[in-house]
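Both complexes shown next keep subunit A, but they swap its partner, so subunit B is in the first and subunit C is in the second.
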Partner chain A sequence: MKEFLTYLVTGITLGASFALIGSGFVVVHRVTRIVNFAQGSFAIIAAMMAASLLRGRLPHGLAEAAAVLVCGVVGAVVGWVALGRRGTHPLISLIVTLGLSMLVSAAIILLWGQDPVSPPGLRGHVTLLGVDVERQRLLVLLVTLLAFAAVALFFSRTYLGKALTASASNPYAARLVGIDVRRMGLLAFALAGVLGGLAGVLVAPSNALSFSSDLALALSGFAAAVFGGLSSPGRTLVGGLVLGVAGQLTAGYLNGSYQTEVALLLMLLIMIARSRTFVAEEAK
Partner chain B sequence: MTRRPSTLLVVVAAVAACIAPLVLSDQTFFVHTVLAAVVVSGLSMLMGYAGQASLGQGAFVAVGALTVALGTTRWGLPPLVVLLLAPLVAGMFATVVGRPLLRLQGHYLAFGTLALLLMVQTAMSSIDALGGAYGVSGIPAFGVGGWTVTDQRPYAYLALACLAVVLWSSARIVDSRFGRAMRALSGSETAAESAGVPVGWTKVGVFALSAAFAGLAGAVTAFFTPYVSADSFPPLESFTYVIMAVVGGLGTIWGGVVGAVVVSVLLQALNTVSSQPGLPPTAAPIIQYAAYGTVLIIALLFLPRGIVPSVGSLRLRRPQGSPA
Partner chain C sequence: MLRIDDLVVRYGAAVALDGVSLHLDAGEMVALVGPNGAGKSTLLNAVSGLVPAASGSVTCEGRIAQVPEGRQMFPDMTVEDNLVLGGWSIRNRDLSEVLDLLPDLVRLRKAKAGRLSGGQQQMVAIGRALMAKPDLLAIDELSLGLAPLVVAELAEHLRFLNRDRGTAILLVEQEVSLAFDLCPRTCVLEAGRVVAAGPSAELAESEAVRRAYFGDLGVAGELRADTEVPA
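Moving on to the complex of A and B:
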């Protein structure tokens, strides 16, 4: 029983980080219909930058916040290229973001080298349900929940959030009432940068990240976002947690090397099972 | 209808391609480029006609290579038989996984095929019957009857022969009944369906065809290397096929060849630059990644005509250069 609880708790905290990256996919896809392959790269940039700033004697909190903000700017730049000219097909934009993620890899190696980096985080453990949990992992869960609440409030309660939703549901009508749809797209990308960066600074203290982690991060985030049909933040959170727990249970009871495959298989099954609704959504 | 490049251009390219192996001292680059062209020709059809991107084409290259590796070392089949078997096995594998997978579209299919590649890699590295952690080594040299290949050069011609077969069959297929169905898809799936085109099966057909080409390339790679493991098919290589297809122009017979040659030559040139003495060891990966990214973005955003397919009408264009 204790074993099971351990897997459950670590799975939930791991899943929270998937969900955080997944929320970046959701925010961009909702507004622009683009799937941003560079979503995982934001996390790596933030982790590397936070590590450098902390070594430069910036205090905790400030260093992480600065790194996350920088990722917001990087996100906007990625969005500027990915949105391309008006009428660029979303599938073409996906391949453009694939190219951008490669450029980011080049920049990361140039600035920080090829070795994995793990900035210091919270130390120590706490006991939860009789299970030892690193405090850093609890922090991941806490911040993820806060971030999702903030995103939900932003979309439903603020004018800017409503403008974003309007651009998503009907770009033409949004343009008619004076919303700059392209600027909304850039804003969505910046927000995705912040969310991805947040995931990076939170995950890196427990799991070191290197330039080549982007594929794994992007895939796990995309898998979580698939649960929400790439448009629902709430279901993305659930998806991330399910994937995290399923992965940890597989790693614990079966074989650690199948952890990713279980996530991929779940993702494929859900995509195929829901393919009809997806097609309807894409056609909108 | 496909506008064909002038016969002269094709003859010049073919002659140049046949002379090249005689001049080159090391065939590795040449063989890899020609085999990439084989894979990209299929991918270009899939992306151009079915309008679907595959980020995991390496999965089918792996199936082809594995067919050769296991066929020769475990079951003692003759090289020529496994070479012909490899595209069939890859095509059948694609038909089986394609039925559920092709219910996905666009982004979902792109990620779905990437997931497929990663799962094939895991299967190869964790199941001992498929090579396991050490891969399959000791693949015998290619040969027919009593004749066996002893140096690299014949592989260059074998790869060229495969490319010729692929290009010839592509041209035939595009003009066939199946080809017309395939081209109808690229316009509007709904229109194609109402005109009686079996949309589902046609898509699976294009998918299987592109997989068969990839399997053929994998088979020759397996003989050439001669070693096959899960790490032989990294996702980056599959992304490179997409770059080549996009750069060359999608849904054209010669686009795959042009893209493969242009991108390979560019990467090889940059590789030479980055391995110059005096540069830090990180220069190579930096230049490589930067080149991939830049080529892809520039091709997509600034050379959209003939390169952007699935958007609205499909434009077929003359290839911009000649394969060398």
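Moving on to the complex of A and C:
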């Protein structure tokens, strides 16, 4: 039983980081209909940058915040390239984001090398349901929940958030009322950069990240976002947690190397189960 | 307040507007009528700045807001959110003036716009445009798909808006009798060109205009010969 609880708790905390990455997919897709496969790259950039800044004796908090903000800027740049000229099809933009993620990987190798990085995080353990859990993992869960609440409030309560939602709901009508839909797209990418960066600085202290970790993170985040129909942050959170727990149970009871396969299999099953909903949403 | 001079709009190789000139004084109500594909909506979109001009010019002294064809709601958002976003260009979030003018919207504030009837959506679309405090309201197909009673109610709101607030109105309308009834001046478009323009009362008497709207649409030449009122 204790084994199971250990896998459950660590799975939930790991799943929270998938959900954070997934929320970036959702924010961008909601506003622009683009699937941004550079989402995993934001996490790696943030982890590398936070590690460098901490080595440079910048205090905790400030180093992570700076890394996350830089990811917001990188997100806007990725958005600027991916959105392209007006009328660029979202599928073309998807390919562009894949290309950009490879470019970012090359830049990371150039700047930080190929070795995995694990910046220091919160030290110590707490006991939860009789299981020893790293404080850092609990921080991931807490920050994820706060980030999701903030994103939900931003979209539902603020004027800017409503304009972002309107741009996704009816871009033509949004342009009619004077909303700059392209600028909203850039903002969505910037927000996705922040969410991805947040995932990176939170995950890296527990799981070392290297230039090649972006694909695994992006796949897990994408699977969580697919669970949320690429539109619902709430269901993306649930999807991330389910994925995290499933991965940990697989690693614990079967084999750790099957974790990515489990994520892909789950994503496939969800897409098949939800295919009718996707068709209906496309028809709208 | 609105001056359109020799406006040409192209969609690729197709010419949608071919040298259209039209002017509107402050507080005036002008109807744009014509068969499908005449370029009425394109003209409205060019006035709203949504479609670029290939040549010619559109100048307006004041704010323009458009009520688009098909209402174009933000369907999953509430009526209140739809209205508030109408004021985005001037950051106007105060609904009181619009709700005073369109009191039927008060009870619909929390309803999802996509679930409303066509008439209610048209009222939201008008309210959303009014949130931008426009000097010129450009309306594309006010009556499309709506019951006559609903159209009459909306027309009354527009009359009040024009009379009481002095808002100029440029109305694209397939229902010619409504256009003539609502707007003292009418401009007839066909195949991207202005083929007649003048007081609605005079155009209503034109045999060619009548025939154009009762099935015989290829009468541009006759309209020009028949209607001497300058654009």
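A few remarks follow.
Methods note: the second predicted complex is superposed on the first by the 282 of 284 C-alpha atoms of A that agree within 3 Å, B and C clash if a C-alpha of one lies under 4 Å from a C-alpha of the other, contacts with A are read in each partner's own complex, and residues count from 1 in each chain.
One rule holds in what follows: a contact is a pair of C-beta atoms (placed from the backbone, for glycine too) under 8 Å apart; a residue touches a chain by one contact, two chains touch by 3 or more.
Only a predicted model underlies this, so the values are computations on that prediction, with no experimental measurement involved.
On the superposed subunit A, the two partners subunit B and subunit C both fit, without a clash.
After overlaying the two complexes on the shared chain, residue contacts for A:159 are found with subunit C alone; subunit B is out of touch.
Touched residues of subunit A, counted separately for subunit B and subunit C, are more numerous for B.
Legend: residue contacts after superposition of the two complexes on their common chain; A:99 is shown touching subunit B, with no touch to subunit C.
With the two structures brought together on chain A, the opening angle seen from the C-alpha centre of subunit A toward subunit B and subunit C is 90°, to the nearest 10. In the overlay built on the shared chain, the residue A:59 is in contact with neither subunit B nor subunit C. When both complexes are overlaid on chain A, the residue A:260 reaches subunit B alone and has no touch with subunit C. In the superposed model, A:177 lies in contact with subunit C only, and not with subunit B.
Once chain A of one complex is fitted onto chain A of the other, the partner contacts of A:89 are limited to subunit B, with no touch recorded for subunit C. Look at A:124: by the touch rule set out above, it reaches neither subunit B nor subunit C. Once the two complexes are laid over each other on the shared chain, residue contacts for A:169 go to subunit C alone; subunit B is not touched. Nearest C-alpha atoms belonging to subunit B and subunit C sit 14 Å apart in the superposition, given in whole angstrom. The residues of subunit A shared by its contacts with subunit B and with subunit C come to none at all.
Contact residues of subunit A toward subunit C in the complex are 159, 162-163, 165-166, 169-170, 172-179, 284. Touching subunit A in their complex are the following residues of subunit C: 48, 50, 65-66, 68, 72-77, 81, 84-89, 91, 93, 128, 132.
Across the complex, subunit A is touched by residues 51, 53, 55, 100-101, 103-108, 110-112, 114-116, 118-119, 122, 125-126, 235, 239, 242-243, 246, 282, 285-290, 292-297, 300-301, 308, 310-311 of subunit B. Those residues of subunit A whose C-beta lies close enough to touch subunit B in the complex are 35, 81, 84-85, 87-92, 94-96, 98-106, 109-110, 113-114, 215, 219, 222, 226, 230, 255, 257-258, 260-261, 264-265, 267-268, 271-272, 275, 278-279, 282.
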